[in-house]
Amino acid sequence: MNGIFSKLINISRRRSPWVYRINAGSCNGCDIEVAPCFSPRYDGEQIGGVLQGSPKHADILLISGPITLRTRAMVEDVYNQIPSPKAVIALGSCPASGNVFRGSPTVIGSAEAVIPVDLYVPGCPPRPQAILEAIQTAARMLEKGETRSQKEVKND
Amino acid sequence: MDEVLKELAALIGQKEPQKRVDGYWFEATHLDPVALAEAMLNNQFRLSTTSAIERSDGETDIIYHFVKHELAINVRTTTKKQKLPSIANVLPSANWIEREIQDQYAVTFEGHPDPRPLNRPNEMPVGFFRKEIAEKVMKEREAK
Amino acid sequence: MNIFQIIFSNFGKRSRTRRPEDRVPYPTDFRGELDHQAEKCVLCGTCVYVCSPGAITLETEEKNGFWHYDAGRCTFCGRCVEYCPTDTLSFLSRSAPNVSQRTDQLTTHAIEYQHCKRCGAMIIPLPYETLVRIYHSEEAAQHAIQVHELCERCRSRVQSESMKSGISGTRKN
Amino acid sequence: MTSWWLKAIFSLLLWPGLITGALFGWFLLWMSRKIIARLQGRQGPPFYQPFFDFWKLAGKKTIIPRGVNPFIFYALPVISLLSVVLALALLPVPGGSAISFEGDLVLLIYLLEMPALIDILAGYVTRSVYAQVGAVREALLTIAYNLPFLSALIALALRLKTFQLSSFASAPISVATVLAALALFLALLAQMKVNPFSIPNAEQEIVAGIHVEYNGLPLALFELTHALELSTLVGLIACLFIGPFTSIWLKIFIFLLVAALVIILLNIAAAGTARLKIQRAFRFYWTWGVVAAVVVFIAALVL
Amino acid sequence: MPYTIPLGPIHPAFEEPYKVTLSCKGEVVEDCQVEVGFVMRSIELLAQRRNYIKDLVLVERVCGICSNVHASTFAMAVEKIAGIEVPARARYIRTIVAELERLHSHLLWAGIGAEDIGYHSMFMEIYFLRERVMDILEAISGNRVNYGMITLGGVTRDVTDPKSILAVADEVHKKLEKVVIPIFTKDPTIIDRTKGIGILTKEDALAYGTVGPLARASGIEEDIRESFPYAAYADLGFKRVTLDSCDVMARVVVRALEMLESVRLIEEALKNLPAGPIRTGDVPLEIPAGEATARSEAPRGEVFYYVASNGTDTPARVKIRTPSFVNIPSIRAMVKGQYLADMPLIQASIDPCCSCTDR
């Protein structure tokens, strides 16, 4: 009985990826590419995706921006508020490496230094369909248990 | 249009403003910014912004950029021991502008209604845009 | 045209949504993944000079040089493709792939030095297309190819000798 | 004696209880999301979406916000789920419900008030500023929508001179039942927090409204309660119209037809309007609600 | 009993992080404190340490929605210092891209504004229309946002087939006339949420020095495309849009009419697009010493650049003043006596861009 039950929950994680977006000091180029993902042309809802208003209701975190000093505490706080299992997608080159803002004293420059990142979507900004594809990949990782939040739970 | 220039020239004591492609430039070593702001307010000028340029002798050049329809007037002055009277009480739009220069170039504007830091994170020292502090701070960031 | 007319007309028509895998076609010169042909690169460093995020770095040793590129740092602005003198860099018309490891975004191309025909010093000759572009014609490029196999010192010496023999020739008759 | 218990358990759990109620509620939720999507010209979710949403939420770890008593945090969704399941069991659906006694209409009304009250309590329990503002709005809204809702049911009861729900289902269709259904539909808009009155869970103003701090299994139970509440209320409206038909299959067909019609109307209103402010919603219900109530009472008593 | 409720820094109605702390009594707001600085990447500091080609790319990323305006204003300032002459075709292409960007920025604002009052169907319609504009921008410049079209002395890419742009401009024009403007001005639920809400009187607008559609909705006749015509605005002829009913509805109408004006400008510019080179050849790497200011009209208002150069290939000082820097403080003047439920719409009616404000 337990096998079927956990198999059902795994499949449901892939089928209903609820998404929450956080802007950690971004130039809002990536943020205005997330909204069209749920507009009629691309419609994230066809893969079950819903843009949630509260981190507690979400399981995929879209982070954009090169993590400025003042948003660091906010990013950690929101990441801890998301109930696990959770996946983190870094939108564009800013969370990956700080993009053109690298070397600025008020920018941390890499999301990896603050929260564990599961997926990088290159582009400045990435196209909406690239973001949707990343959400689908993250949902598949959640199903197979390959996200870092699930791996860390396994080994500690 | 030219009576404004005459009034300004009288206020600053410099006869001829420099006419350039992008408007009139006044040089004023000792200038009372509050009087300048009041004069400009009476002529319905709008303060676009104030630029701060670091000088080698540790002082800071401040340029007030005023604009009204197609007339742009820029008045350049220098701080005295990094101090300058604030015009935020006359022009509320200068409030944030002066707070930002206070954060970035460590210029204190006397009489500013609300001298809290505007967008400087707490880890950064005051005046972190000045050359030597910027070099130090960027090296620390590189190290992390 | 109030809102109810709009939503009822939408209800009548087919849905305007594309399947996630049915990609919106990429325009002709789309700024997607950067493609670098190692054989045409002469390690001149122009791309490093114009790359604002510093995604491209060069590394030179005596035998060969390396061209490092980090797709995670690149902002896909297209300046390097525009300023590259030997047209080595170009954009593929598809987006860079989503990866889960930062290390998958780093690419490194090794560029072999060649020996100068006369003195054996290490040089990288200009690729043929660039010569055609510089000399604007095929046969001028053919002629120039031998000279460009040499390093600067040998090239200047060879050209000064050919000039000297040319002048002495005229002085003789 | 035991057979009554057995039938009660059967109607509680299976028909029209938890299992079919949940499936029916999820189907209605999917139908409304799909209709809104097609009205907006987009694809919309696949049919199994609410089912997987529930199981995904059930499978997530629950984070109890600091300073909230875990027992209450879990108890609230369970109580509201139980009250809706009980209400659902009372419904005079075509297959006939085992639990049917004089006065079960009053019990139904009381049980349908429970989820709203539990939401208000949940808003204050989770100590979040947004949830508290959402709770205040939910309280105001309950006062507003209860006027047409209760007056429609009481008018019908007066007309049939009984408080037994099964007599509602067997009464002939008359102008009064149609008007009562319209009044119930008017209240349904606010009970389901659908767009003109989606004020308590307004994403933009107060993050996510009342359930902002809820996550994991408790949130799954709240979503399930929402689905069951939807199927109960739509079932209540639909069962008014199955009276004059004899064969069981015709009753079920009419029941589903009316349910589908109610859902379609609900979502056309949702897709076509923007969110009103709480004061404006209050004024709407205390003008149109009063009109509906008076008309229903006149129709029930005079005709 | 007055209580304070924080909106932000992470809030679904805000595109970006900034904090508005409201002190309100019941549902009525008394006063608010605006706190910014979450998006400070100290771009001016970086700009003073990179050469001009890198700076154009850096300056374009000050703000994602109005990226082209920052690059063209910076280029204008440097061209004034070095005396570089921009060919006519390049000026026309800069105008076309600037107006396309204004279209997509205003459509984005209209969509987010409709979403803030819960009008999801309107958000869907507007965003479907906006995708057409984004496709054109992608076809011209190769990227949907951050177009990278501007370089010193001209533009990097040519407009190859004006017909497709004309088709889109025509469709946007029809959709605006038939769908967006009638609904935003006549729909009862929208009128109820925007009429008489968030009043910014003309005196407050002048005192706070507000610019752009926010100021023009409060009766200030000020538009940089009219007072300092740059690029091709002088030859195309520009009509300013000004209203004086000072509320959120006025800002909606001003932006809608500006969109119509943008469509007219695009069609005008495309019809008489002059032939000729798209960039001048002789652009030196080192810019001679000097200083210059440049202004242009971003979708949110006047963008002001002051650039000082010292003869090397790196600018000595770059000062950026963005429109939201003066528009956001004016929230305090608008918020007194409004309902808490209107707050997201009031702050959205300014179209705040925090990445512009904090740089």
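Here the chain labels run A, B, C, D and E in written order, and each chain numbers its own residues starting at 1.
Definition applied: a contact is a pair of C-beta atoms (placed from the backbone, for glycine too) under 8 Å apart; a residue touches a chain by one contact, two chains touch by 3 or more.
Computed from a prediction, not measured in an experiment: that's the story for all the values here.
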{"item": "Any chain in contact with chain A as well as chain B", "value": "E"}
{"item": "Chains touching both chain C and chain E, listed by label", "value": "A, D"}
{"item": "Most distant chain from chain A by Cα centroid", "value": "B"}
{"item": "Chain whose average C-alpha position is farthest from chain E's own", "value": "D"}
{"item": "Between D-E and A-E, the pair with more C-beta contacts", "value": "A-E"}
{"item": "Interchain centroid distance [CA atoms averaged], chain B/chain D, Å", "value": "62"}
{"item": "Geometric centre distance via CA averages, chain E-chain B, whole Å", "value": "25"}
{"item": "Whole-Å separation of chain centres (CA-atom averages), chain A against chain C", "value": "34"}
{"item": "For chain D, residues that touch 2 or more chains besides their own", "value": "37, 39-44, 203-204, 207-208, 271-273"}
{"item": "For chain B, residues contacting two or more additional chains", "value": "121, 128, 134"}
{"item": "Shared-contact residues (touching 2 or more other chains) in chain C", "value": "3, 7, 15-17, 24, 52, 75-77"}
{"item": "Touching chain combinations (by label order)", "value": "A-B, A-C, A-D, A-E, B-E, C-D, C-E, D-E"}
{"item": "Chain C contact footprint on chain E (complex, rising order)", "value": "50-51, 53-55, 57-58, 60-61, 121-122, 125, 128, 135, 138-139, 142-143, 146, 148, 156-157, 178-179, 182-183, 186-187"}
{"item": "Chain C-touching residues of chain D, taken from the complex the two chains share", "value": "37-44, 268, 271-273"}
{"item": "Chain E residues touching chain D - in the complex, by the definition given at the top", "value": "5-6, 11-13, 27, 114-122, 124-125, 128, 187, 189-190, 192-193, 339-344"}
{"item": "Chain D-facing residues of chain C, complex", "value": "3-4, 7-8, 10-11, 13, 15-17"}
{"item": "Chain B to chain A touching residues, read off their complex", "value": "121, 123-124, 128, 134, 137-138, 140-142, 144"}
